[in-house]
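Next come two complexes built around subunit A: one with subunit B, the other with subunit C.
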Partner chain A sequence: MDNAKKFKVEICLGTTCYVLGAAELAELEEYLPEELADRVDVCGCNCLGLCKNRNFGSAPFVRVDGKEILAKASIDSIIECLKRKLGEVKNDQ
Partner chain B sequence: MTNDASRIQRELSVRVIRDFIEGTLEENIDRIPIELRPKGGDFSRCCVYKDRAVLKYRLMAILGFRVEDEADETLRPSDYLKLPRPNHTGPVLSVCPVACERCVKSRYLVTNACRGCFARPCTFVCPRQAITVSEHQSTIDPKKCVDCGKCMQVCPYHAIIRVPIPCEEACPVGAITKAEDGSERIDEEKCISCGKCLKACPFSAVMECSQILDVLQAISSGKRVVAMVAPSIEGQFPGTLEQVAEGLRRSGFSSMMEVALGAELTAQNEALEFVERMEKGEPLMTSSCCPACVEAVKRHVPDLLPRVSSTPSPMRYAAQLAKERDPECVTVFIGPCVAKRKEAQNAPNVDFVMTFEELGAWFAAHEIDLAALEGTPFEREASAHARNFAHGCGVTAAVLDEAGTEGSKIDGKYIDGLTPKTMMLLKMYAKGKLPGNFLEMMACEGGCVGGPCVLAKPSGAAAKLMKK
Partner chain C sequence: MDRNFNETFVEIECSCRTKDGESVCGDCFMSLRTESDHRHLAVLSDGLGSGIKANLLATMTSTMALKFMKSDMEILQSAEIIMDTLPVCEYRKISYATFTIVDLHLGGQTRIIEMGNPAFIHLRDGKDLKWENRELVSARWPDRRMTLTELKVLPGDRLIICSDGVTQAGLGHAPNKFGWRREGCLRFVQEQLAAEPELSARELSARVVAQACGQCPEHKYMDDTSCLVIYLRRPRKLRLLTGPPFNPASDAEYASLVRDFEGKTIVCGGTTANLVARELKRPIKMDIKLVRKAGGLPPPSSIEGIDLVTEGILTLTEVVRHLEQGNYQQAPLAARQMIELLLASDVIELVVGTKVNDAHQDPNLPVDLEIRRNIVRRLSQVLEENYRKEVKTRYY
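And now, the complex of A and B:
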C-alpha cells in the first residue's frame, strides 16, 4: 500500500466554479474518510474551460485522476467517485 | 456559505449581469425561471411552477425592486426593466410571501422516539401540566405549553425537540414576526438590516434589493465608476488584491480603492475622539464602523447612543477620498454586509453598494479568471492595521496603535456578534454596569469576515490551495 498510487483531485478555481461552490470544496481534505485520507492529493487548478458556452450552470467542476470530470461537484460526489475508483483499483489487484 | 439557496442566487446574478453585457437582458430575462426549472425537470419546492414563481421574485429583487412593492402581479421581470429605477431609500430587506414557508410557531414537540416510560419525568417537570401520556406516548398540549423547555432537558431518550422558526431565531432584535396569514414580515421600525434572517431562512424567502443594475448602467453610460473594496476582501477570491484590482478594471470599473484607506482615517480620528471624551470624563466610547450595531443602538438601546463614536466609518472616509480625487465619479462600496446598503442611503458620497457574492457573480459573468491575471500594483497600500478592521478586535487594535502613549488608558471590550444576549450586554453598558471604556461592536461573529454576504468562509482554504 505504501507505494500505491495517489488519486489527484483538481478543484477548478476559475472564477465561475469558485463562485458557484468551489470555494468550499477546498476543504475536501478535512472530510475524507480514513480509507481515502492518504490516497488522495487535493489541489486547485486554473480554469478548466468547462464553464464556457453558457454552461456555467453546471459549475463547479472537478477533475479526478486527470480524466474524469465531475459537474456540479460537491464534497459528497467527489468522495463517492474516489471510493468507486479505490474499489476498481482493489479489484484489479 | 454555499448551499442551494445561495447557489441559485449567484447563478441568477451571473445570468442577469451576463445578459446585460451582451445586450440581451430584456429579451432573455423572462426565460430565466423557465430555463432553470424546465417542465419535467427537478424542483425544490412543490413543483417547477412554484419554483419559477419564486425565481421571478428573486429576479425582481436583483433588479432592485422590493417584493412587497409588487402592485401588479402581471408584470414580468422584463417589465420591471422598463420601469424607472427604484430610488433605494426604503428598507433593504424584503420577505417574499410566496417563498415563505410559514413555519409553524416555534414550539416543543414530542417525537416518536418517546417510549412512554415509567418514570415520566416530563410530566413532573412541566410547570403547567401540559404533558399527558396516552397510548405509550407523551403529548404536549400547545394551549397550555409556555415554551419553557424543561421537558426537553429531562427526557432520557432526547425524544423532545424544539422546532424553531429560523429567521425569528436569528434576528437579534425581534424585528421579524408572523403576520396574520402566517408568513413572516419585517418590522421596519425595529429592523437593523444586519442580514441574519437572509442567511437563516432555509427557503431563502428573505431577499435583498440589489443595485447591480444601477452599477451596470453607470458603467455602460460611460461614467467613471470606482470600486471601493472592504478590508474583508482578503481571502474571498482565489487571487491577490492586485489581481482583484485588475479584474475590476477589466470589467468596467475605472479604478479600485481600498476602504482600508478610509479605515486609517477612522482609526486616527476615533483615537483622538476617545482621548477627548475621556478627558471630558465620559465613562465609555463605542466604535462606529458597524452600521448594524449603530442602528441597533439607535433603535433599541437609545441610552447608549451618546456613547457611540461620531467618527465616520471607513466607507464614508473612502468615498470622501474618491470624490475629492474625482468629483464626477460614481462610488460603489463592495463588502460582505447588508447593513452597509442602509448606511449608504444616508452617506451622500456613497452611490451604490454591492456584496462579495455579487462581485463573484460579476467576475464570473465577465469571464474574468482572477488567478490568470497580472496584478495591477497600487499607488499606496493601506496599512496592516487598517486592513485588519475586518477581523474582530481589529478596530480596537488600530485605535490602540493610533492612540500612542494614550493607548495605555484604553480598556477595550468587544461585542462579538449581535444576538438577543449581546443586546442585553449593550443595555448593561448603557447603564454603566460593565467594565471597559472602549467598546468595539460587531454585528457579525468574528467581525466583517463573518458577514452575511461573504463568498467563502474566512478560513481561506481555497487561497491556500492555489498556493500549492
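And now, the complex of A and C:
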C-alpha cells in the first residue's frame, strides 16, 4: 500500500462559501476517523469560482484530490468522499 | 529632503490620552483640509480641569475655532466670541480653555495662534526654529493674552503642539521636578527623528504621549495628555484593487496596476486575487491554520509582491465598520491588517472592478452582502473625513 499518498482537501474560503459555513469545514482534521487521520491534507483556498456557475450546485464547495467537487459540503460528506477514495486506492492494490 | 510642494502631503495626527480615573479626555483635537487642498487647519484645545466639564469646554473651543478660521473671521473677534460663549465653572468662576490653532498654507504664510498652551515646536532638519511673534490682547478679556506667529513651512518640516499634560508630566517628582517641559519633549523628539528621519506624525505623536507618561510616577497619566504633530512629508502611497473589471478584456491591464506600483498594494476579493495571480503568473498561498485565528472573516492569503490579499465584501464591510467606530484593535485578522496598511498611508487609490458576483445576490444567503461600489464609497468617505487621507477612486 502506498502510505505516502495523501488526499488533498481544498476548502473554498471565498465570500459565498464562507457565509454558508466553510469556516467550520476547516476543522475537518479534528473529525477524521483513525483510518483517514494521516491520509488527508486539509488546506484553505481562494475562491474556486464555482458559486457563479449554477451547474455545480450550491456553496460551500470543497475540492478533493484536485478533481472531485463537493457542493453543499459538510464534514460528513467530505469524510464519506474520502472513505470512498481510500477504498478505491485499496481496491487498486 | 526634496523641497517640492507638489509632492507633499500634510500628515496631521494627534494622540490624546485621558487622565487616569476620568472617562473622557479634556483635550480636544480637530482638523480640516479646505477644498483648495493648500490650506490645512488644526486645533488643539485643553479645557479647564478634567473629565466631562473639560471635554465640553475643549470641544466647544475647537469647534468654534475651526469654524471661525475656515470662514476667515478676524482672530481677536473669534477669540472673544469663544471666551464669551464658554460656560463659567461654578467653583472657579472662570470659563477657560487653552488652545493652539494652526492655519497652514502650503507654499504660503502659515499662522499659529496660541493661548495658554505650551509653545509650539517647529522642526526643520532636526533644528528648533525660532520665529518672531506678536501679542494680541482683547479689550474685553485683557488677561487672556494670545500670541500670533507667522511663519513659512517647507516640505520635511514638522510642527509639534502639546497640551500641558506633556510639558508638565512628572511635575514635582525627581528627576522632573518642574515637569518634562518643552525642552525634555524637544530633546526626545530630536532623538527619535535622528534615528528615524521619516517617522510618521502618527507614530511620533504616540511616542511623545507614551514618553510623557513614562515621566510620571507609576506611569500614570496625571493630566489629559495630547500631542499634535503636523508633518509635511513625501506621501506614502497605497493602491487597493477590489473586484474584477466589468470587461474581462481589461484583466491584464488591471492586474498590472499592482505589479509596478511604487507603494503598498492590497488585493481584496477572491476572484480579484485569482485574476491577479493568473495574469502575473504568481501562485496564491493560504494557511488553513489561520482560519481559527481569523476571528470571523476569511483569513488573508498571500501572493508574492502584494502586501495583503484578502476576501472581498465581508472584509471591506468589517474594515469600514471598524474605521467608522474608530477602534480596530479587536477587528478580525484580515480587516485589522488592512486597516493598519490604510492608516500607514497618505494617498490611497481605490481601484474598483464593477463586475457583480451574481452568487452574492442570492436571497438564500444568511447575511446581506453589500454592493462593492457602495462599500467603497463609504470607505473613501471615512478615510477622508475621519483619518485625513487623500483618496482617489477609479472604476474599471
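The criterion applied here is as follows: the second predicted complex is superposed on the first by the 85 of 93 C-alpha atoms of A that agree within 3 Å, B and C clash if a C-alpha of one lies under 4 Å from a C-alpha of the other, contacts with A are read in each partner's own complex, and residues count from 1 in each chain.
Following the convention adopted for this analysis, a residue touches a chain if its C-beta (ideal position, glycine included) is under 8 Å from a C-beta of that chain, and two chains touch if they have at least 3 such contacts.
Everything quoted here is computed from the prediction, not taken from an experiment.
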**Request:** In the overlay, answer first, second, both or neither for which of subunit B and subunit C A:T15 touches.
**Result:** both
**Asked** Does the superposition put A:A26 against subunit B (first), subunit C (second), both, or neither?
**Response** both
**Message:** Taking the superposition on A as described, I'd like to know which of subunit B and subunit C A:F56 touches: first, second, both or neither.
**Reply:** first
**Request:** Look at A:G44 in the shared chain and tell me whether it touches subunit B only, subunit C only, both, or neither; answer first, second, both or neither.
**Result:** both
**Asked** Where does A:V89 make contact in the superposed view: on subunit B (first), on subunit C (second), on both, or on neither?
**Response** neither
**Request:** Would you please give the residues of subunit A that touch subunit B in one complex and also touch subunit C in the other complex?
**Result:** 11, 13-16, 18-20, 22-23, 26-27, 42-44, 46-47, 51-52
**Message:** With touch defined as at the start, can you tell me which subunit B residues reach subunit A in the complex?
**Reply:** 1-2, 7, 10-11, 14, 36, 237-238, 247, 357, 360-361, 363-364, 367-372, 455-457, 459, 461-462, 464-466, 468
**Message:** Give the list of subunit A residues in touch with subunit B in this complex.
**Reply:** 11, 13-16, 18-24, 26-27, 42-44, 46-47, 51-52, 56-57
**Request:** Sort out for me which residues of subunit A touch subunit C in the complex.
**Result:** 11, 13-16, 18-20, 22-23, 26-27, 42-47, 49, 51-52, 59
**Prompt:** Along subunit C, where are the residues that touch subunit A in the complex?
**Reply:** 270-271, 273-274, 277, 284, 286-288, 290-292, 294, 297-299, 301, 309, 311-314, 357-360, 362, 365-367, 369
